[in-house]
Every structure is written in C-alpha cells, then in structure tokens.
Amino acid sequence: QDAGNEAWLPSLMTQTPQEGFDLAVTIARKAVTTTQPNTDALHALRPAYAHDPDSLIEVSGVVATYFATIAEANEYWWE
Amino acid sequence: QDAGNEAWLPSLMTQTPQEGFDLAVTIARKAVTTTQPNTDALHALRPAYAHDPDSLIEVSGVVATYFATIAEANEYWWE
Amino acid sequence: QDAGNEAWLPSLMTQTPQEGFDLAVTIARKAVTTTQPNTDALHALRPAYAHDPDSLIEVSGVVATYFATIAEANEYWWE
Amino acid sequence: QDAGNEAWLPSLMTQTPQEGFDLAVTIARKAVTTTQPNTDALHALRPAYAHDPDSLIEVSGVVATYFATIAEANEYWWE
Amino acid sequence: QDAGNEAWLPSLMTQTPQEGFDLAVTIARKAVTTTQPNTDALHALRPAYAHDPDSLIEVSGVVATYFATIAEANEYWWE
Amino acid sequence: QDAGNEAWLPSLMTQTPQEGFDLAVTIARKAVTTTQPNTDALHALRPAYAHDPDSLIEVSGVVATYFATIAEANEYWWE
C-alpha cells in the first residue's frame, strides 16, 4: 500500500497560502488513499463522512496539521 | 472538491491576534466546505454539532491548530 | 458567527505561564462560543461534558494546543 | 471557572526531562479541574476513564502536547 | 513489545517530500505493530478500519504528525 | 499518581531515530501508567485496545507527538 511510484509530491513549495491549503488537502487525501487504495470503497464511504459533522470537523483538523507543515516550508509566504 | 478558484486566502498576515483567530476560524470552515461543498447539507448538520459538546470541543481544537500556524506566521504580533 | 467585534484578544503576551494558561482557556472557550453563540444552549450542555471524562480530557488537549502557541509567543517566560 | 488565583504555575523550567514530564501531567490535570472544579465529581469519573483504554491513550496524547511545550521551554535539557 | 532490534529507522533524511511522506506512513504503521505485533490480528482488523471513514481520517492525521517531523528534519527539502 | 521517583527519564538524547522512536513509545506508556498505575488493570485492558483499530491508530498518533519532541531534541540526528 505504498503511495505508489507516480510523482505526486515533488515539492512543498507553493505560490500562495491558498495553494498551500489546496496542497494540504491533497496530502491529507493521499494518506487516506494510501491506506485504502480502492476508490470504489472510498466513494461508498462518502455519504457517511460528508454528512457527519464530527467527521467533517476531524477532516479539517487533519488538513490543519498538513497546512502547518506547508506554511512553515513556505516561510508563511512572507513577501 | 478543490477549494475553488476565488481568492479566499491571499495572505496569513493580520493586524491583531483577534483577526488571526478569525482567520483561523475561516480556514477551519473552508476545510469543511472543501470536503462538503453543499451548504444546504452543512446547514442541516448544524443542530447536531452546535448542541454536541464533544463536537464543539473538537472545533476549538481544530481552530487551535490553524491559530498556531497563523500566530507563528505573524511572529505572535510582537510589537 | 464571527468572534464579534469587541476586542477580546488584544495580545498574546502575559506576565506569567499561569496567565498564559488562563489565556489559553479563554481562547479555547471563545472558539466554542464563536461556533455556538447561544450561551443558554451552551449552559444546557455543561452537565454532559463536565461529567464526561473523555470530554474533559479533550478540553485539556485543546487548551494544550493554545497554550503551546502562547508559550512560544512569550518565549516561555524566560527570565 | 478560572484556574483560581493560587500560584500553581510560576515557571515552565525544570531540572530534568522527568520533572518536565511531571509538570506536563500537572498542567494537563489543571485544565481538567479548571473545567470541572468539583473534585468529588472528578473522583466519581475515575473508574470510567482509568479502565477505558481509549481514555488512557487520549490522556497520554494530551500530556504529550504539554510535554512538547515544556521540553522546548527547557531547550530539551541540553547539557 | 519494543520496536524490535532490526534497524528499520536508520535516518529521517529522504530525497524528496514524497519519500518523506512514505517514511511517515512507515513510522505510523510501526507504532501500530509495536503495540500489536501479531500481524494476523492486525490483518483481521483491516476490513474494520479500511471501510470506516473516521478511522481513515484519523490515520491521515497520524501520518500528518510524523510528516511534520520528517519535513522539518529535511528542512522542507528546500533546494 | 505522580510518575514515581525512580529515574526513568534522565535525558531525551538518543543515538539514532529508532532509539528516539523507542523512547517516544516509553514516554507514551509512562503517561498511561501515571494515570493508571495498577498494571493488572492495564493488562486486563489489552485485549480491548490491541484488537481495536481506532485505539491502535490513536496510540500511533500519541507516539507521533512524543517522537516530534524527541526528534527536535536530537536535532533530527543530523550527522
């Protein structure tokens, strides 16, 4: 169940905080698909978590941890 | 389900810690709406999480992680 | 549901670690009241979380994250 | 429900990592008693969390966050 | 239940962020197998967590914390 | 319920990342035994958490937080 060999994370650098947020979402999802590569199985789960407030809150918390790393990597996009 | 193209996060810089806290709340919510873009579905969930102490505590924990990043980005608003 | 306009968080600076801890508790609670501004609704929840060990443990974890930020902001109150 | 006025956290400095760990446990508990000051109520909860593996794991996670702050405050007790 | 003596973590250094992510997944799993070394027991658990959205979200959050450490260790793979 | 007086954590320094990981596991467990010193009670809990995927995932998350602190203390074992 490795993250596969295709290069999906060449760098942590982004132009803007918003791109950094999008990258955090991407990595957060990759950690899920690395654990459960079967996308059909994942899609079957969507109704459950997409309508469960605690799941949605937890997703935000996970993105927050990746975002912290990306923000620090980009030195907070200081001009 | 990308965060959409409208520029909602141009910068992490804020004038005050309070604005930094508000920005943390904004990003925390954006991570939810990125996962569940259907605002009607989200509003339907509000009675559940807004009256569940564990959900409210978890929201605060998520905001705390974003706030940590924003505080560091703003060098803790040291004068 | 913004944190309202009254200036409740002018600074992260405190004289002592204990004041820093109190500020962490304040911010943690503010994130809850920002999500659920109805204080009556919140008070109605108190019996639930105040007598639930997991809720109390989670509150401590949330305060810990805010405290980490405040401690770093105050350079750990090094003399 | 403030942490009360008695000076319980004068400093984050400790002589050793072990004392730093003990301080982390102290602060973690203080955040609980700040939320639930009624010690009888807390003692009544002990059988629940002290025999619940998830609660015990979560307690350890909370201590870990406080310990991270104290370790950094003490510059990791580098000689 | 120690992590065993075979050298599985000689270094935190990786060539790319993607390898850093893979290492984070490796360490996250190692913490599980250190707690539950019985791989048959672990495989029996897979259907449960691999089809539970909250478990998958939590796995991502755990990987995020290890990834933060590895990213910092590799100075964010700055060129 | 203090962590007891025997010196179990003289230092955060380790020779390798793997020893750092082992130390993180040690401290994570110590926080549990500090809360629940009765080892018989703890052993009775093992079947529950050792066969519960969410508990095992959470253990890994707790170890991750201690590991982050130890890795930083050891400057990521940079040669």
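Labels A, B, C, D, E and F are assigned to the chains in the order they are written; within every chain, residues are numbered from 1.
The rule is short, and it goes like this: contacts are C-beta pairs under 8 Å (C-beta built on N, C-alpha and C of every residue); 3 or more make two chains touch, one makes a residue touch a chain.
Since the model is a prediction, treat every value here as computed from it, not as a measurement.
K.L.:
Quick one: which chains contact chain D and chain F both?
P.N.:
Touching chain D and chain F alike: no chains returned.
K.L.:
Taking each chain's centre as the mean position of its Cα atoms, how many Å separate chain A from chain D?
P.N.:
Once rounded, the distance between the two centres reads 31 Å.
K.L.:
Roughly how far is chain B from chain C, going centre to centre by Cα mean, in whole Å?
P.N.:
A distance of 16 Å separates the two centres.
K.L.:
Report, in whole Å, the distance between the mean C-alpha point of chain B and the mean C-alpha point of chain E.
P.N.:
27
K.L.:
In chain C, which residues are in touch with two or more of the other chains?
P.N.:
Only 49, 52, 54, 58-59, 61, 65, 68, 72 qualify.
K.L.:
Can you tell me, using the touch rule above, whether these chains form a line, ring, star, complete graph or other shape?
P.N.:
ring
K.L.:
If you go round the ring from chain E to chain F and onward, which chains do you meet, in order?
P.N.:
Moving around the ring in the direction of chain F from chain E, the order is E, F, D, C, B, A.
K.L.:
Please name which positions on chain B make contact with chain A in the complex.
P.N.:
2-3, 7-12, 27-32, 34-36, 38, 41-42, 44-45, 48-49, 52, 54-55, 58-59, 61-62, 65-66, 68-69, 72-73
K.L.:
Looking at the complex, which residues from chain A come into contact with chain B?
P.N.:
For chain A paired with chain B, touching residues are 16-18, 21-22, 25, 49-54, 56-61, 63-65, 67-68, 71-72, 76-78.
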